[in-house]
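Okay, so subunit A shows up in both of these, paired with subunit B first and subunit C after.
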Partner chain A sequence: MTTTDKPAQESTLGSPSPDEPGAQTLTLSVGPQHSGSGHMRLIVELDGDIIINAEPDPGYVHRGIEKIIELRNIIRSIPVIERPSIIDASNLNHAWVKAIEELQGVEPPARGQYLRCLLNEMNRIMSHLYWLSIYGVFLGHTTMFMWPLGDRELFIDLAESLTGARITYSYLVPGGVRRDLPQGFAEEAIKRTEYFEKRLDEYENIFFKNPLFTSRAKGVGVLSRQRAIELGATGPTLRGSGVEADLRKDEPYAAYGELDFKVHTRPDGDSYSRVMVHVDEMRESSQLIRQILEKMPSGPVRRKAPIVVPRGEAYSRVESARGECSFYMIGEGGDKPYRARYITGSYRNMAAISAVLQGVRLADMPTSWWSIDYWPVEADR
Partner chain B sequence: MSLSHEREDNLIKTLKENFPTDIKDATVMRRSRINVTVAPEKILDIALFLRDKLGFDHPTGVSAVDYNRESRFEIVYHLASIANPAQRDILINLKESVPRNTPKATSLVRIWTGVENFERESIEMFGLQFEGHPRPEKLFLNDNWDGPPPMRKEVRFPTD
Partner chain C sequence: MSAQKPAQSDDPIELLADSMNVWVGKLSDIVHKVIDTEPIRNVINWARMYSLWPVNITTACCSAEFGAASGARHDLERFGVLPYGSLRQSDLIVIEGTITKKMAKRLRMIYDQMAIPRYVIAMGDCAISGGLFHDSYSIVNGAHEFLPVDVFVPGCPPRPEALEHGIIMLQEKIRNSKVYPQS
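Up next, the complex of A and B:
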């Protein structure tokens, strides 16, 4: 190696003066290939290890579903509608058929409505369990990852015997549901829900009273009631901030008007509150399944509905696992909608991510934003 | 289900009394659903009135619709009320139309912060412009997307 006699140039890269804007903070790009981010990116600005700003950057799983459903007939769209949240397929499917039925003026028979609620509530539990197990991953709690995923199979099996599919059922069709209860379903469902509620008691002891969880969730990632409302948050996120809003009660649809259940809220708006709202809802859904099976009337499960979207407008609202799922549908008389706007719970709750993460430590970031139950695929659509 | 739409009719009446010339059309779509079409230049005042006087404090989304045969886009704000528990089920579709060749509208982020992402999506998917939007950047599309706004009606799938 030879040396040159060029004088060493003075580096311009030295530390900036501490007074410069941005000199004290560090911007981190978390995801989309990060185990703590999901299928999306979070752009996090840090002061030390405190998050002063966090911006979600979605779109990595955007499929253009609103365009696809403008181009297919309404029956062929059902499996597409379910894709954004395969773990909560039935509730999304419900919003779709509800918008179509509103335009058609078709009312499904009572038994069909009860069967819809049955699958919806099973899906709510399955979705919450899946979410809870990922929460375990983010906490570094292996048992909390394994148990909910294992117990989710209880309901997956039930759904399979009812619909023929484990997760994406396409069970709800305009006019009702595809098929009636199989033999012995009610006895099996009662057994499984009772077992599941015992399991929830065990969860209580091993997870929800565990300092590993409480110390990282209580008082962390607070979303105030006022902020949750103005951001348009929905579902467990809104109820975790103390707002008693649930479309199953506020605008009862299907058979929910005839069922007896409670809307669970927590006043604090922190990660712990949001998690506990999910847990309370699972218990409620479990008892709802038994209630539905008990109250279910006999009769047909489906009424004939045309494959047509009549001219007009409808706005359907359904309480999915992650909050309100709605379709703003405009028909012009063909077999496909002129426009079908698809607004999901996760899409709405995306706005809450920044609010929740402000002031949280970087180490608590995954558990805080995941407590919103933001499902990136459901938001991107 | 009762067939009277008393609450809905009262809301429309209050709106029409306060904005006699700016409400172009207001109808009850069905029980719990109201369509209100307003003049685009007055939407900010009407939105503020809806939020502060009528309690529609909870935005549930924004839709854009391309009526290409009528050469216009319709922007629809979907609004619900948490403040007033008696109208939890009511959803107002606040609509305005902008011409297709100059699709400029006023952003309502300053009224409902929650509409920010929805307006951003309408910008990239329909090529709309929202004046006063704090971050008119791409949301779902790639930053380097240079094709036409994909949700416009003239954009077709290759397999269509």
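Up next, the complex of A and C:
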């Protein structure tokens, strides 16, 4: 993996003269069978061990979901909608039911809205914890792989008692949610979120202040505020570059308008900032769960909604764990949409991968691109 | 091998080489038979059972449950399952979910590069028969179409406990298998 300084006679690197552009670079293909790639391939051009260009090669998980949802009715589509980001299922599901409700003109009851927010925030924590554990793997920090996954099970148990499934809930349906809170849920949730916040302090000591992490994250993979806006980045990536943008605040949906929470940003735009935005959001979501349980009104959780997509067009967007997730839907009056365009947060953040990886050392490549929180399954749909 | 030859050669050196080959072949047969006897086979299979290293290839969303199974609470390493980066030192492919046409080629390439013995677990409904995405234009309906699958783990996605059960089933299969597989 060294560059050739002398003219290469038998070199496989291509160019015969070192003065020509491209003569001193090496092109590497990273993935899809690689510890640091996930379900995708990165084509990385190197000068020494500095990355001068990185191109993502997506599409390994493209399953044609936009076509499939044209073939099933709106209830049967819900599991398909969830699958792209299985660790953040509720938020994607929310965008789908929101688009349908906009067309149907159905407003879910207040308790249903609060229950939606409850599962959304639990999902946000679970998704961020899963992301953090993989970040630990990419850094070679095995404790940071085990701890977040162990603490994620706290919330998985809660969600399982609420919905009946570990990670794929299909809990949100047009008109509300499927079922009410089980007995003793609130006490258990408060206990667990308080324990989780204590655990986050322990993470601080073992990982976030650890030079192993800070020396490889501070100032690495910088995405400036201007560049992030130009590339259309979203979610924690955008907030890590200092832009205060959060759909829960900017155009409040469900019960978010009545809840009190802060949008966390960091100004630097490096890997460290993006990681810390995730951590701050986990604290905020943990606080939100307790607040939702406290403010939750009584009443029904679901209003009757027909299984029909009325004629017309609707656009809905929600803030998922990875950024803005949106649906553009055209209805024809049948039980399936004529067309539904599905954009997820990872899909929009894909453009940021090349920008972040430029000038980064090869050894820092996995952590740098993973700090964007790019989930290839979600991006390919 | 000799059956494919058109005719016997008259050259004495070649004849000698042929007979040597036959002899060496017989010797290796004998060695294989000795190693495949009960006590030696048990030791080798015991070693294989508890060092199943899956290769680092994730095909789709079941990877979330595979991650949960590898992490705390469902620690897969107590079964000897440690996800590993180098495919030449790995023994196992866990196909985690939907196989797209683009990924199927890579899976086959990875399988071909792995050393024998190698095992395949098809995890999730999509890897078994297409599952939720059976009518999609871009996926392969089941891993068995291009790979010999040892254990199928159904579920969408399977719970970590189901994956653990699949791994125990694979270990049972290895316990009762021969040292030298036919393939």
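We adopt the following convention: the second predicted complex is superposed on the first by the 366 of 381 C-alpha atoms of A that agree within 3 Å, B and C clash if a C-alpha of one lies under 4 Å from a C-alpha of the other, contacts with A are read in each partner's own complex, and residues count from 1 in each chain.
We take it that contacts are C-beta pairs under 8 Å (C-beta built on N, C-alpha and C of every residue); 3 or more make two chains touch, one makes a residue touch a chain.
In this text the structure is predicted, and so the values were computed from the model without any measurement.
Peer 1: Overlaying the two complexes on subunit A, which is it for subunit B and subunit C: clash or fit?
Peer 2: Pair status: fit.
Peer 1: Would you check which partner chain A:L71 touches, where first means subunit B only, second means subunit C only, and both and neither mean what they say?
Peer 2: In the superposed model, A:L71 contacts both subunit B and subunit C.
Peer 1: Please indicate which partner A:G59 is in contact with in the superposed arrangement: first for subunit B, second for subunit C, both, or neither.
Peer 2: both
Peer 1: Touching A:G333 in the superposition: subunit B (first), subunit C (second), both, neither?
Peer 2: In the superposition, A:G333 contacts neither subunit B nor subunit C.
Peer 1: Scan A:E324 for contacts with subunit B and subunit C and give back first, second, both or neither.
Peer 2: Only subunit B; A:E324 stays clear of subunit C.
Peer 1: Taking the superposition as given, does A:Y130 touch the first partner, subunit B, the second, subunit C, both, or neither?
Peer 2: A:Y130 sits against subunit C, while subunit B stays out of touch.
Peer 1: By the touch definition at the top of the document, which applies to A:G359: first (subunit B), second (subunit C), both, or neither?
Peer 2: neither
Peer 1: Taking the superposition as given, does A:G164 touch the first partner, subunit B, the second, subunit C, both, or neither?
Peer 2: Touch partners of A:G164: none, neither subunit B nor subunit C.
Peer 1: Once chain A of both complexes is superposed, is A:G299 in touch with subunit B (first), subunit C (second), both, or neither?
Peer 2: A:G299 contacts neither subunit B nor subunit C.
Peer 1: Considering only the touch criterion stated at the top, classify A:P32 as touching first (subunit B), second (subunit C), both, or neither.
Peer 2: second
Peer 1: By how many Å are the closest C-alpha atoms of subunit B and subunit C apart after the superposition?
Peer 2: 6
Peer 1: Which residues form the common part of the subunit A surface touched by subunit B and by subunit C?
Peer 2: 59, 62, 64, 67, 71
Peer 1: Could you please specify the touching residues of subunit A with respect to subunit B in the complex?
Peer 2: So the residues of subunit A in touch with subunit B come to 58-59, 62, 64, 66-67, 71, 102, 229-234, 243, 245, 250-251, 313-315, 317, 324, 326, 328, 330, 338-339, 341, 343, 347-348, 350-351, 380.
Peer 1: Which residues, counting only subunit A, touch subunit C once they are in their complex?
Peer 2: Contact set of subunit A toward subunit C: 32-35, 38-39, 59-65, 67-68, 71, 79-80, 83-87, 130, 133-134, 145-150, 152-153, 156, 166-168, 377.
Peer 1: Of all residues in subunit C, which touch subunit A in the complex?
Peer 2: Going by the criterion above, the answer is residues 55-61, 63-65, 67-68, 70-73, 85, 87, 98, 100, 102-103, 106, 110, 132-133, 135-139, 156-157, 159.
Peer 1: Could you please specify the touching residues of subunit B with respect to subunit A in the complex?
Peer 2: 29-30, 32-33, 35, 57-61, 63, 65-66, 76, 78, 82-83, 88-89, 91, 93, 112-118, 125, 138-142, 150-151, 155, 157, 160
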